[in-house]
Amino acid sequence: MLPLIYFQNDWLSTYFVFIIILIFIPVAIYTKGYIMEYKKHYNVNYMVFLIVLFVASMIGVVASSNAISFLVFWEIMSISSFFLVIYEYMHKENLKAGIFYFVMTHISGLFLMVMFAFLYKYTGSFNFSEILKVSVGFAPNQKYIIFTLALFGFGAKMGIVPLHAWLPKAHPTAPSNVSALMSGVMLKVALYGFIRVIFIFLRGTPLNCGIIVLIIGTITAIFSILNALLQSNIKKLLAYSSAENIGLIFAALGIAMILIDYNLKMLASLALTAALLHCLNHAIFKSLLFLNAGSVLYATGTKNMNELGGLHQKMKFTAICTFIGTCAISAVPPFNGFASEILILRSFIEAITMVSNIWVIILIFSCGIIVALTSGAAFYATVKSFGITFLGKPRSKKAEHVKTIPLSMNIGQGILAMLTIVTGVFSPFIISKISFYTNNILEINGESPGFKNETEIITFTLLLIFITFIIFIFNKINSLNQKQQINDTWACGYKEDKPYIQYTGSGFVQPAAKIFGTISNYNKKVNYKRTIHISQTTSDIVEDYLYKSSLKAVNFLTTKILKISYGKIQLHILHIFISLIIALVLVLKFV
Amino acid sequence: MKATLRGYRGSSVVQPYYDLSKLLKKGRVISNRSSFITTIGPMVILGATITTAFFIPVFYTSMEKTIGNLFILMFAFGIVKMFTVLIGLDSSSTFGGMGSSRESFISMMAEPLILFLMIFLYIETNDFNVFHISFINSKIVHYDTAHLITMVTFVIAILAENARIPFDNPETHLELTMMHEAMILDLSGSDLAYVELSSYIKLIVYLIILINCFIPIGIATTFTISALLIGFISFIFKLLFCLLGIAIIETTFAKSRLFRGAELFPAMISMGIVAITLIYIL
Amino acid sequence: MIQALLTIILISSIFISGVRRIKLITAGFIFQSAAIGLIVLKLGYETGKVDYYILGILTIVTKVIIIPLIITRSVKKLKINREMELIVNAFVSYIITGIGIMIAFGILNKSQDNFLKTGIALFIIGVLLMVARKKAITQMIGFLIFENGIVLFETSLSKMSLVIEAGIVFEGLMLALIMGIMIFHINKTFDSINTDFFENLKE
Amino acid sequence: MYIIVIGILFLIMIITPLIFKNIKIAGIVTIIGSILILSIVFKIITLVSGGASLSYFDEFFYVDSLSIVQLLIIASVNIIVSIYAYKYIRNEIKENIISLKKGGFYYFLFNFFVFFMIFIALTNNIVAMWIGLEGTTLTTAFLIGFNINKNSLEAAWKYVIICSIGIGMGLIGILIFVNAYSNQDTNEILKWSHLIKNPNPQSTYAIKIAFTLIFVGLGTKAGLAPMHTWLPDAHSEAPSPVSAMMSGVLLDLALYVILRFYIITKHIPGLQNTKWLFIIFGCVSLLISSFSILRQLNYKRMLAFSSVENMGIIALGLGIGSKIAVFGALLHSLVHAYGKSMLFLTAGNILSAYKTKRIDKINALIKTMPINAVFLILGMLVITGAPPLPAFFSEYYIIVGTVEAGNYVITALYSLCLLLVFAGFLRVFIKIVFNTEPGVKYVKMEKDNENIVPLVLCFVSIIIMSLFMNGYLSNMINNAVLIICD
């Protein structure tokens, strides 16, 4: 009755195991140098142990072929990640964030438990293979139930709006290598679960489910990227942006579900491929960016980008890596981000032309527009984080005296940066590989459309490099006979350029703040004392309204219920008799 | 040409090229703050624009071409944008920051228009390849409303992307009004030359895409002398026509405030939705 | 004879439910227990079973002699030996008692078993004393009355062996002892046996 | 024969503290005795492992797979607690909190208490079960009021009054229950094993009333809400070993007695719906306790509320009644015994070190008492059902049971309560263990290292459970499930 742990190896699991290990290796190398920072206050072996446990449990989740073992590993994953989040327990807010995170993951765990319980009820087994056999004949309402539970269960772990609020809390508080793992890999594990349940167990869902997923994905994307814009904490910005990427992937999945419902398997496999590819790419560049943020933190000891600046001189290598990451995340070819971005947009467009129902078309169209806006905003946000952090000149003392980064950290970043370029340039091959498998998920054979002449990107890259090189040579020749002088920036008439005359991160996003400020209820206070001082605050509206109110409700109930347990002994005796009478009435009436 | 419209005698058409050559001869002055971005940036920008120029049809198109994917073109301009913005931030000056901020804001708003353009073209021609698109569209004799609406949208997008009036004023050097200029304020000499040249090329490339995607009448579809000739002439005419149009816009409009400019985009998007519905309803 | 004893029990219990002075309550309780013991002995005499004799003797020994001793011993140390303010005042509690007895007899009007009815009446009164009074001693007496009811119940319907019954009664005695000792301690530590002082355990 | 040995052992264990004035001897004798008892219990388990049943003294004692689960819990927790008590009592005496005489008195009462519990688990006579429960009330009353002060006396008084009313009610129920069978052989009707064979009473009406009385009355002892009000006070005031024993074992045992009657009632045609008593009271307990846990200032009280919650879980599982749910319930009673005693013993260590029960007074346990901190966290994980610890499986099986039974409202409620309890525990324990006030220098206490062995034993037994889950354990529990379910 109590099952042991079972493993399987179908290609989906293999793919995700591959992602996990791919990210884990550089992060592990990075960790070796990074933990030096913690040697003073904390126990380092404990952290290493937890990380290994974390990664192992994630591999267990994606590899397990049985509901029970899936849940077991899932919970172990949550627990270990929780203890990693509160690893720096000296700061109170970390504890708060950690507790919030753990409660959210526990919610997701409970939903999943109930979901698998339903699957057990319908199929009479915890085994995935058994479930697969039976699940062909599911009635729509059964599909609805399981879909809803899966949406909440995995969604809470993925951080889709409105269940995202733990993401921007937990990721900044965790040590950077851990947040790289969490945002790069853990979210993908949740996605894996969602894909497995929806596309493999249920084999497509009713139309509404697809539409819901599409809408939720789009909302998540736009909401979280606009929040990310206004953050001045690097890691918080990155956390929001990973929520945004999850939103993109989710939207793509939604498209795929809609298309499956219209029985356009070919396109569906295109969208699914886009989602899976973006999983891989996002895993790579997001963990790269988190590692960079980690080294900035290591070197300067601050996460607030308004205090940073001009790091490119002291930390050249990190700067280059971050630049690559930034290009990738804002979908600049030939870095990997753009390949999946193209596929996602493309699946949107092709879906518009194929689907027959006009309302669905308009829906997809507007979602597509919003997604495009999102990618623009992503460009905006990441350029901000890179430019303000590394370029210009130091904005504070912290940014001027930087520690040197140990070699192992640089190696870790370097590997990931290499991966970013490689997966970008050779994306066509990866795409064709993935599409092959997505085809046999959706039980269609033959090449899906839309994978033609993707190889163009390689030609493009080669040409680009070639021409740039020519120009470079030309430039060298041409600048041989010229003097090259270096002096200060023109300071618009001031004597010498003070750091504070340059744009800060908050200033950089003023335009967006003016228009979209309400979404992350951004408010700015200017008080004109002897010196003009400006203070800005942002907070998550969903968190403010949804979570706070639910907490209020719980508190109210608690105060009411606590009254039962306290009071005079006579009252307690009365409780017994009242409950006796009620029970008697019930029993005599109904039994 | 613009000058004539403004009523005074402007400099000759080759004037810009003369400027460039002059700049190339100058030495370069680098801010002591600037990083590898400034060092390689301009060349990459120029390289990217030239590369894109290879990927578009000018006056000859066919179905056999395997290059010219519209996505790649659009994302390639992403490279340019990236580096320009970063250059702006690189030299730690005020206007650089301001310019790049506004630039990236505008481009963020312009992104949906580009997507809409692609959606529309795909609906029309069921392809993403510029060559194929122009090949197919060259068969169309009269254009329906949606087509024209999209064309207008694309024109606006071009104005936005190339930082022309009403979004930006390329001539002036009064700092508060400029975006593109502000970013490259601290470049000089050959770097400036590269950037300027690339911006010219970028404008032309956009115009060519516009022409060949929306009004590709008479473009050569067969590799014969006559066809090529016709194609070339018609192309020149169309190009001149477009430049004229831009010139008219630039002289009639004044540069609007940033947010006034931003308000144009929602309008464009609504137009886009109208166009899509038109296609499916008509 | 048995009817007379039953009436004694009922009267004493009604009397107990109203009075304030603890001595009087104890006295009423003694009467009641004595009556119950006599009833059990009488049954033993009629049926000639040993069980009943032993049960009766146990009851009388414990409830007429030992427990009142404990109570009086602890009452001696009290400053005030009367219920000052009642949660339910005397008048109302008389009425409640009456209604309770009526209900008890009403529910079981079919069965001819008066022990049963009286037992239930005793339960109600005991509960009333426990719920409506504040002094710990009164609560204890209430519980003992409750237990008297249980004894009546047993005598009416039990078919069980001697060991068990002895066990039950014996444990009742132990419970009474423990309560007495506790009241002793409570009186020492709180300087009162008023349960109003029981409010240290919050949260 | 085993019964006699057990009896003799208990006689020795009870007598020793009265004869010898030396506390050490009493403690050691208790430990040895409990170990011997456990070995005997294991022997009995091997005897009945095949689902068979033994009976001694013309079926006055009767052992089947259901009772050996309880026996196992009692005996094993007993060892742990007595090992703990050995040091605990000596410390208390060393610090002049209690006198030497009271130390002996403690052992006397405690062994009596354990004796009664074993008696309940072994006996076959339904009234004898009641006597056993009453006996536990008597013995624990003084143990709760052990160190005599205002709080403990108040708690003890509440405990005695409320529980004895409940128990009395249970007795009335049992009397009616027996009376309903007066058509059958007089010296047989008290035997559970007889009633289970021919469960048809004179009047089902009487049985309904009787079972309700029994449920509510003994439910008071089992700490089901809303009759649980004595429980938080008693458990928070009693000395830690006693509270461990009570909340880990005693509550469960009371539920076991109810279950015995329920099994008979279930076999009477037309009375299957009595299971709703379990479900409703279980849900009420879950709700009340899980909300109360959220706002506690005293960690022992919080643990007490959590045992109310666990009783609710077990009752719910028994009420659902499908095989998987009952399995979950029994498994959960096992896990809860070990986990909760572990938590209470750790709390005892913290209490003896910090001398306060208030949560806000305790910080940064990870620095001051690292070992106990680790065990606190482990205990939290065990109780809140974190895999791969068995509590996860038990709770999950109950979820599956509710879903299978098709009453989804209960599923939602149950999950909500689990979540709330989880949040409450997390808040408090993370605060206790990790929270550090800036500027305060935390030094390691020397009290940390003493009394670690019992905690280790608890955790080891939990680990052993999760290892043997597929082997002996599941067989044993499955046999018990068979007894309940058909």
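The chains carry the letters A, B, C and D, assigned in the order they are written, with residues numbered from 1 in each.
What we mean here is this: contacts are C-beta pairs under 8 Å (C-beta built on N, C-alpha and C of every residue); 3 or more make two chains touch, one makes a residue touch a chain.
Predicted model only: the values in this text are computed from it and were never measured.
**Q** Chains in contact with chain C and with chain D: which ones?
**A** Expected: A.
**Q** Select, from A-C and A-B, the pair of chains that is joined by more C-beta pairs in contact.
**A** A-B
**Q** Using mean C-alpha positions as chain centres, tell me how far chain A is from chain C in Å, no decimals.
**A** 70
**Q** With chain centres taken as the means of their Cα atoms, state the distance from chain A to chain B in Å.
**A** For chain A versus chain B, the centre distance works out to 34 Å.
**Q** Mind checking the centre-to-centre distance between chain A and chain D? Centres are C-alpha means, answer in whole Å.
**A** 45
**Q** Take the average of all CA coordinates in chain B, do the same for chain C, and state the distance between these two points in whole angstrom.
**A** Going by mean C-alpha positions, chain B sits 100 Å from chain C.
**Q** Of all the residues in chain C, which ones touch at least 2 other chains?
**A** 127, 130, 139, 195, 198, 201, 203
**Q** Give the residues of chain D that touch two or more other chains, as numbers and ranges in rising order.
**A** Residue numbers touching two or more other chains: 157-158, 161, 165, 232, 295.
**Q** Quick check on chain B: which residues sit in contact with 2+ other chains?
**A** Not one residue in chain B touches at least two other chains.
**Q** Show which residues of chain D lie in contact with chain A when the two form their complex.
**A** 157-158, 161-162, 165-166, 169, 208-209, 211-213, 215-217, 220, 225-230, 232, 270-271, 273-274, 276-277, 280, 287-288, 291-292, 294-295, 305, 324, 327, 366, 381, 386-388, 392-393, 396, 399-400, 402-404, 411, 415, 418-420, 422-423, 426-427, 430-431, 434-436, 469-470, 474, 478
**Q** Which residues, counting only chain A, touch chain D once they are in their complex?
**A** 1-2, 4, 68, 71-72, 75-76, 79, 86, 89-90, 92, 95, 98-99, 102-103, 106-107, 110, 113-114, 117-118, 120-121, 554, 557-559, 561-562, 564-565, 567, 569, 572-573, 575-576, 579-580, 583-584, 586-588, 590-591
**Q** Across the complex, what residues on chain A touch chain C?
**A** 562, 566, 568-570, 573-574, 577
**Q** Which chain D residues qualify as touching chain C in the complex?
**A** 125, 127-128, 131, 134-135, 137-138, 141-142, 145, 148-151, 153-158, 160-161, 164-165, 168, 171-172, 175-176, 178-179, 182, 186-187, 189-190, 232-233, 236-237, 295-298, 301
**Q** Where on chain C does chain D make contact in their complex?
**A** Interface residues on chain C, with respect to chain D: 123, 127, 130, 136, 139, 143, 146-147, 150, 153-154, 157-161, 164, 167-168, 171, 174-175, 178-179, 182, 185-186, 189-190, 195, 197-198, 200-201, 203.
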